[in-house]
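Across the two complexes that follow, chain A remains constant while its partner is chain B and subsequently chain C.
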Partner chain A sequence: MSNVIETRNLRYRAGRNFEIRELSLNVPAGSIYGFLGPNGSGKTTTIALLMGQLRASQGSITVLGQSMPQAAPRILARTGFVPERPHLYPTLTVEEVLRYHASFYQSWDWRRADELFGRFELDRSLKLSALSKGETGKLMMLLALAQNPDLLVLDEPTDGLDPVVRRAMIIAVLDYVSQRDAAVFISSHLVHELERICDWVGVMDNGKLVAEMPMQTFKSGIKRLRVTGAPALVEDPPFVLLSRDTGETLGAGEVWVVRGWQTPMQQYFEGIGASLREVVDLDLEEGFVELLRTFRAPRAQA
Partner chain B sequence: MLTQIDPRSPTPLYDQIAARIRVAIAAGELEPGQPLPSVRRLAGRLRINPATVVQAYRVLESEGFVEMRQGAGTFVREVENQRRSQERNAEAARLVRAMLTEAARLGLATDDLVTAFKHEVGASDR
Partner chain C sequence: MFKAILYTQWKWSRAVVMLSVVIAFTLPIMSVQRAGITEPSRWETQELLHAIEMWSVWYTLLAAGLGLLVATTAWAQDHRGRHVYALSLPIPRWHYAMLRFAAGSLLLAAPVVALWIGALLATATAQIPPGLNAYPNALALRFALAAFVAYSVFFAISAGTTRTAGYVLAVVGALVVTQVMMEASGMGGGLVEVLFDRVITWPGPLEIFTGRWMLIDV
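Let's look at the complex of A and B:
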């Protein structure tokens, strides 16, 4: 099995103005897959579909080699899921929640739970209603990891948490996957957080998957070029010209943002009588912003 | 060694890690037989994907700098002096190239750099 999550042509209408459409995701086994997208792009809806909480009107979903929602119990038994909004009973204590949760999972690992307790510095006797946002986040992560999952699905797990807690949670996930061969599907709009840990990225915008590729490919191909003397109309560049802005200062040239850049393409500029002054690498966040900008731009530009 | 990496750099993370270790071996900071940090520890410390650490160690292994022993860990190998000096020279050349690129970007002349370099080296000798 090469993909732990696979969807084909998913469609789901969430409201009059929003739908997931033609969604085909491929999450490779063993990967840490970053699911990026602005707020409201459909990340959480997609995850709810993957976890069997919503029913797609069209298309198919395979998770860990089995069909969702038909095989939901079997899939969920092997999946650690941290939802965007925790659904825990506020009147139970931390210890009670743990025992309750543990009873559902055959693969539950008390040793890992104890180890994470120490690491996260959680108090077992506290009622859930007394936990801070950060402590609730850590408890959700603990529950997901202690069930010894083959797949972790994390929906904005660190959103709104302070940097210390975020770091502790990310390290716990990394520690888990370095001990055990598991895949991680993590959604976030905090691009920088995913930049160092993910080896695959999928980008959502307005209900559609606009890009899916290895992180390195995503990061290496998008560049900002400074070009002088280029004609107003350029034909058949060897790269994808995402945007072209005339600079503010005279003589500084234009700024081009391109995708699919490779060093030998420098020669192209001589061919059109222009000169390439500078090639600047874009990081994941800048690449992400540029990608969305061009995806949303009217077709006339292309 | 290996306390910082730059996730925003276009150089892949595994490349950055491999380069650091290569230089550390060439400079004698890491000695033959010495173990590298475990994959789990290094991934946790740098907050990166464990697969990236494994990839870096594999590259170093294929180049003959380290040896991965199943279940025991990854260890620095004996590297010939000539090869070590080659690596040090290559790293020095990389630093100079980066400096030249940056200077060109800022519009500094090469002569200015040479003068500054001589001055700084002299200052640190004194």
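Let's look at the complex of A and C:
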């Protein structure tokens, strides 16, 4: 099995104004797949489809080699899920939730649960309604990890949490993955966070998958170039010109953001009578922003 | 798994169940005491039966209220969380619904047993006049069936979405409007009455509520 999650031509309409369209995802086995996108881009809806909570009007979903939603119970038994919003029963205590949750999973690992309890410093006697946002997040992560899943699906698990809690949760996930070789599908709009942990990235915007590639390719392929003497109209560049800022100041040159850059492409500038002064690596966030900008205005070339 | 679900349901509906236990235990005892059977010199059969019958409405109300509250508390927490938790658990939806249903049904047993014990005690301590008989077992069985029917109906309704509840209300509203229009246009016809009769008389599903709820009868 090469992919733990595969969707093909998925379509789902949510209301009049939003639709998931032709979504084909591929999450490789053993990967940590960052699912990026601005708010309202369809990340949570996609995850609800993957978890069998919504039914697609078209297309197919395969998770852990089985069809969703037909094999939902078998898939969910091997999947740890942390949804975007707290979903547990607020009237139960932490201990009660733990026992309730454990009763549904044959693979439940009490030793791991106890270890995570200590690490997350949770109070077993507290009601969920009395927990802080961070504590609730840690409890949901604990439940997902103590199931011993082959796949973790995390929907904005650290959104709104302080850096200390975020770090504790990310470390717990990485520890688990290193021990179990599980795959992680994690959605977020906190790009910096994903940049550090993911080896694959998919980008959603307005219900469509804009890009899907290894993180290294994504990061290394997008560059900011400083160019001088370029003509107003450039034709057939060997890279994708995402944006071009022509606001030249004191001869510093124009700023181009390009995708698919490789070093030999420097020769292209000589051919058009321009000069390449500088090539700057973009971090994931800058690349993400530029990618979305391209997607929304595909012909950015001047 | 069932034990865990039963525990959650007990936690959510224990106040209702415990209160029902107290009322169910007390009702038969009070009905006999208020009827004055403990003092045989003062009774007359007709008045006695009438006095006992006066209490029957409380049994039906208790059974319906118990069924309603246990059914709605069974789903309240899932509704609050938009069923995300329930749907993320590794069991089929029908299985989950059946477990919740079974847990609620089991909780109904406590008030039923309380009523049965109360009815046995009430009849044991009363001096029943010749020609009359006590029916504690039948009363408890009738109460159990009524509570179960009410629980089943409300469980099915509350298991659905708000939209489903809206459909149910819309159908009821449409029936009432049709009835009013038929009467206003002089077409006569008691559509609602006919349907109501079909539901509450044998073999209607709610017939259990309209029969004789008599602890002591001929």
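Here is the rule we use: the second predicted complex is superposed on the first by the 295 of 302 C-alpha atoms of A that agree within 3 Å, B and C clash if a C-alpha of one lies under 4 Å from a C-alpha of the other, contacts with A are read in each partner's own complex, and residues count from 1 in each chain.
As a convention for this text, a contact is a pair of C-beta atoms (placed from the backbone, for glycine too) under 8 Å apart; a residue touches a chain by one contact, two chains touch by 3 or more.
Small disclaimer: the values here were computed from a predicted structure and weren't measured.
S.K.: Once chain A from each complex is brought into register, does chain C clash with chain B or fit beside it?
M.R.: The answer is fit.
S.K.: Angle at chain A between chain B and chain C: what is it in degrees to the nearest 10, using CA centres?
M.R.: Spelled out: centre of chain A as vertex, angle of 140 degrees.
S.K.: Quick one: classify A:283 as touching chain B (first), chain C (second), both or neither.
M.R.: first
S.K.: Which partner does A:170 reach: the first (chain B), the second (chain C), both, or neither?
M.R.: first
S.K.: According to the stated criteria, A:179 is in contact with first (chain B), second (chain C), both, or neither; which is it?
M.R.: Touch partner of A:179: chain B, not chain C.
S.K.: Contact-wise, after the overlay, does A:51 reach chain B, chain C, both or neither (first, second, both, neither)?
M.R.: second
S.K.: Thinking of the overlay built on chain A, is A:272 touched by chain B (first), by chain C (second), by both, or by neither?
M.R.: Touch partners of A:272: none, neither chain B nor chain C.
S.K.: With the two structures laid over each other on chain A, which partner does A:216 touch: chain B (first), chain C (second), both, or neither?
M.R.: It touches chain B, and chain C stays clear.
S.K.: Touching A:198, do we find chain B (first), chain C (second), both, or neither?
M.R.: Once the two structures are laid over each other on A, A:198 reaches chain B alone.
S.K.: Of all C-alpha distances between chain B and chain C after superposition, which is the least, in Å?
M.R.: Value for chain B versus chain C, nearest C-alpha atoms: 27 Å.
S.K.: Take the contacts of chain A with chain B and those with chain C, and give the residues found in both.
M.R.: In chain A, nothing is touched by chain B and also by chain C.
S.K.: Report the residues of chain C in contact with chain A in the complex, numbered from low to high.
M.R.: That would be residues 1, 3-5, 7-8, 11-12, 77, 80-82, 84-85, 87-92 of chain C.
S.K.: With touch defined as at the start, can you tell me which chain A residues reach chain B in the complex?
M.R.: 30, 32, 167, 170-171, 174-175, 177-179, 192, 195-199, 216, 219-220, 278, 281, 283-284
S.K.: Can you check the complex and tell me which residues of chain B touch chain A?
M.R.: Touch residues, chain B against chain A: 5, 7-10, 12-13, 39-40, 43-44, 46-52, 105.
S.K.: Under the definition above, what is the set of chain A residues touching chain C in their complex?
M.R.: Touching chain C: residues 51-53, 72-77, 81, 83, 85-92, 96, 99-100, 103-105 of chain A.
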